[in-house]
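In what comes next, subunit A is part of two complexes: it sits with subunit B in the first one and with subunit C in the second one.
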Partner chain A sequence: MAPNYGTDEWESEYQAMLARRREKEPPYIYFTPEWTALYEKLIQQDAQYKEAAKDWEGSVVLHVEPAPDYGLDIDLYVFMDLWHGDCRSIRLVPPEAGEAGDFVITGSLERWTQVAKKELDSVKGMMQGKLKLKGDLPTIVRSVRAAQRLVDLSAEVGGIFPTEATEEQREEFKKAMQEVAALY
Partner chain B sequence: MGETFTRVGPENLGIFLAPGAEEAGMASMMAEMISTNLQNKPGRVKDYNALRGTIWITATDAEVDITLAFTGGGLIVHGGKVGHPILQISADSATLMDLANITIKYGMPYYFDEVGKQVLNKIKSGEIKIKGMVPHIMELTRLTKIMSVK
Partner chain C sequence: MYGNTGKVLEIDLGSGSIELIELDEETYKKYVGGAGLAAKLLYDRGNLDAEPLDPEALLIFATGPLADSGMYGTSRLSVGARSPLTRIWGQASCGGNFAPELKRCGYDAIIFKGKAAEPVYLLIEGEEAKLMSANDLWGKDVYEVTDILKERHGKQHKTLVIGPASENGVLFGSISNYKAHHFGRAGMGTVMGSKNLKAVVAKGDRRAEIADPDGFKEFWQGTIRPQIEDNIFCNALKAFGTAANMELKMMEGDVPTKNWSIGQWMEGAEKLSGIAMADTIRVNTHSCRGCAVKCKPVVRVDEGPYQVPEGPGPEYETISSFGTMLMNPNLEAVAKANELCNRLGMDTISCGVTIAWAMDCYEAGILKPEDYDGIKLEWGDIDTVLELIPKIAAKEGKLGSLLAKGSRAASEEIGAGSEKFLTDSKGLEAPMHDPRCNWGDGLAYAVSVRGACHVSNLTFLWEWGAIEYPEVGLDMFFQPMSAEHKAFGVAVTTDLGCICNSACWCEFPATSLSLPQWVEAFNKVAGYGYDIETMMAAGTRIWLLQRCLGHIWGATREDDRLGERIMTPVNDGMIAGSVPDMETMLREFYELRGLREDGLPKRETLEKYDLGYLAERLGV
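After this line comes the complex of A and B, so read on.
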């Protein structure tokens, strides 16, 4: 049985999984724990984000809906713990923790891929109903530049898109998602 | 009406989404933003109560348009263009977000800070198009106040 999210045991198991998975060199597949760790580091080092988000308080969660055709059999929650320009951590968390985030942006894997490839602007995506936002809208509108920078950085991490992965990479992605689900 | 129109926010504000409007994400966003703003800033309810007429807003890059039908204390948000709008506003999605970030100072929109100047420049350059602004400047001011998250 998986330890409860938020406990030291959960974090310890997450870190152990991450260490195992990071033995392989990049490029990593988008939304895997090892890709998420690179994303975390990039945000932590980004001066532009720090400035834009200096007043920001609260977590932002990217919710990726299941896409079994691409090897994603679970609801994936990329939980970003953000505070006044700092990115304290990014983890792939269980659904109940993800849904409890302050701001949850939901979209299909194809939509998130478009966002990461800069083919779809996140604000435009929300206006078109392609991405759904849950949370206090005025707060996120007030910090729209910080939110856009977060999305831009996801494109800068680089990596392999699950929608464009080879059969072998897709199997690898599926395996990574099974490891994530084991911590749910 | 309750069966087909979706209420957004508390009953006393009387904000509804027309049937099918939720398909345009912008309609839900606008309804929710106005509702939350009025709850957070009750001083702006008098502007909301005084606002009458329909306003058409288009996000040009997203190819999404909505109509805000204000009835003086009530609002129905429709997808698409409905009726005969007194004001027609078109801009790209990011610029519409700028409009929601205009500072309200001494009860009026303030155009002399960074966001305000950007908005004025975009009106001048045609990136924001506002039809009906001159005869309906009061309605535009009231809309700006209830839309602004600042």
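After this line comes the complex of A and C, so read on.
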């Protein structure tokens, strides 16, 4: 049985999983724990984000809906703990923790892939209903530049899109998601 | 008849006669209502040889079929006439509360012709309409007259009022509904003033009939209402007004700055945005009748040089026109400029943009202070601008008189290279969205029926990504600074804009709905029997008719262009070096629209949309 999210045990198991998975060299597949770790580091080092988000308080969660055709059998929650320009951590968290985030943006894997590839502007995606926002909209509007920067950085991380993965990569992605689900 | 009453008032201000005209259902289905109906009435009943300010020119107010339905954003009203500013088809629309009231009097539209011997206003109470003396109101500002009329006739009476600028013949005079809502564009107030018509007052006593009351109730309460209230765009407008995304748009290069000569001014945008307003001078929000979006700011400035009593605040277009365009980062001063224009009755876009043009002329040594009342128009000098606004409204002095004509006519008068600073199309100063950022806007401005305009079409919303309608092919991937797909996108969004303006339906709530839902709204309320194809055809028909009125009044292909300054690249920001490829977009658009090389529609195009009568008139 998985330890409870938020406990030291959970964090310890998450880190162990991450260490195992990072033994392999990049490029990583988008939304895997190892890709998420690279994303976290990029945000933490980005001066532009720090400045744009200096007043930001609260967690942002990217919720990726299941897409079994691409090896994603679970609801995936990329939980970003953001505070005054700092990215304190990014974790792939259990659904109840993800849904409890301050701002939850939900979309299909295809939509998130379009966002990462800059084929879909995240603001436009929300206006068109392709991405759904849960949370206080005025707060997001006030920090739209910071939000834009987060999206830009997700593209800068680079990696393999699950929607474009080879059979072998898709199996790898599926396996990664099983490991994530094991911590749910 | 449902949604509509089939009745139109025709007032001859010269003779004082008031007649009732009855229209058939087919006319409504073909021209929707509002701006489409006004154009049809003007074509059928007007003297098309009349100059814009001749007594025989018509001025037509028209409601849409959804006006009394209670749906968010449907209380808008259209006005149409030949524009004194552009000399082609002029239309303006405004929100507020007048349209449902007129409908409740039993009328869909009012046609004014002739000129009253003395100032008058029209009072409609129930079905009864009469002309009243306005001698005591003439010369007074919009806010004063609105208060007087409300006091005189009752708070529930709804008003349309012009200010001194329109009385004085300023070519961009506006008409105001209850102080906060304005028919700003194309000088419709000036036409009203030329007829000695100071105001229209209405109080209705009945409801318009709905075609399918139960079905509509379910549709509205169960589906559409929550959908609009949940729409992210509407919610952003509710939180911060129409300037909600000014900073983001400035970053993208969409906000015209220093008369369109620089690409980015983040410092200004941060101080002028809807967010800044919400944090400083905004004390409340206000809505058009019954609308939950509440995008309109109410502001108050108690201290300092720019005090403004609690009242309507500036919206995005005004903020940019008197802010970024003039390099003025002071939001309180913008609110003051807005209040002055509201009271005096002038379009804030044309006024601010014409002043920005004049600032460029001053900087270039074309407008010399010694020739123009000693006035120095320096960038950022908002105090001089605030002194100049009343002078323009009064056509006072050489500079006030010159700028009261609008930028295009003023430039034609003074020459000396001043045309290179123009930012209009067909004489209408362009609104505050930069076509060098979204190229489709450039085409949309150039082929807009009233001159440079972003609300007679929905192109800007499409290019922003706020709308996507796969039913009409509007779901393709495109780049903002590219000509690819733009002709098609502009054609479709122009039709959608014509439908919106003719339905008198605000684009914000309207675009929260899908196109099948638009169709359902028309059918459930007005019984139009539309499907998407016939609804879109109505949009094309209206655009063609309004464009043809422009041709009748002298517009040619040469006029489908943008002011020289817009076609000049800037050196900074994300739009550095970008200039819309107008030639490609126009060529493709003409082909898609069934236009000839000279810009006139082909006969078969007109006949396809039941506009054969125009073919005869135009000789095509």
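Quick note on the criterion: the second predicted complex is superposed on the first by the 184 of 184 C-alpha atoms of A that agree within 3 Å, B and C clash if a C-alpha of one lies under 4 Å from a C-alpha of the other, contacts with A are read in each partner's own complex, and residues count from 1 in each chain.
In this text, a residue touches a chain if its C-beta (ideal position, glycine included) is under 8 Å from a C-beta of that chain, and two chains touch if they have at least 3 such contacts.
Owing to the predicted nature of the structure, the values given are computational and were not obtained by experimental measurement.
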item	value
When subunit B and subunit C are modelled together on subunit A, clash or fit	clash
First (subunit B), second (subunit C), both or neither touched by A:Glu164	neither
Partner chain(s) touched by A:Val141 [first = subunit B, second = subunit C, both, neither]	both
Touching partner for A:Glu119 - first (subunit B), second (subunit C), both, neither	second
Comparison of subunit B and subunit C by subunit A residues contacted	B
Segment of subunit C intruding into subunit B (one of 38-46, 236-244 or 380-388)	236-244
Footprint overlap on subunit A, where subunit B in one structure and subunit C in the other make contact	121, 123-128, 133, 137-138, 141-142, 144, 148
Footprint of subunit C on subunit A - complex, ascending	119, 121, 123-128, 133, 137-138, 141-142, 144-145, 148
Subunit B residues touching subunit A - in the complex, by the definition given at the top	22-26, 28-29, 32-33, 36-37, 40, 59, 61-64, 92-94, 96-97, 100-101, 149-150
Subunit A to subunit B touching residues, read off their complex	121, 123-133, 136-139, 141-142, 144, 148
Subunit C - residues contacting subunit A, complex	232-233, 235-236, 239-240, 244-245, 247-248, 251, 275, 464-468, 477
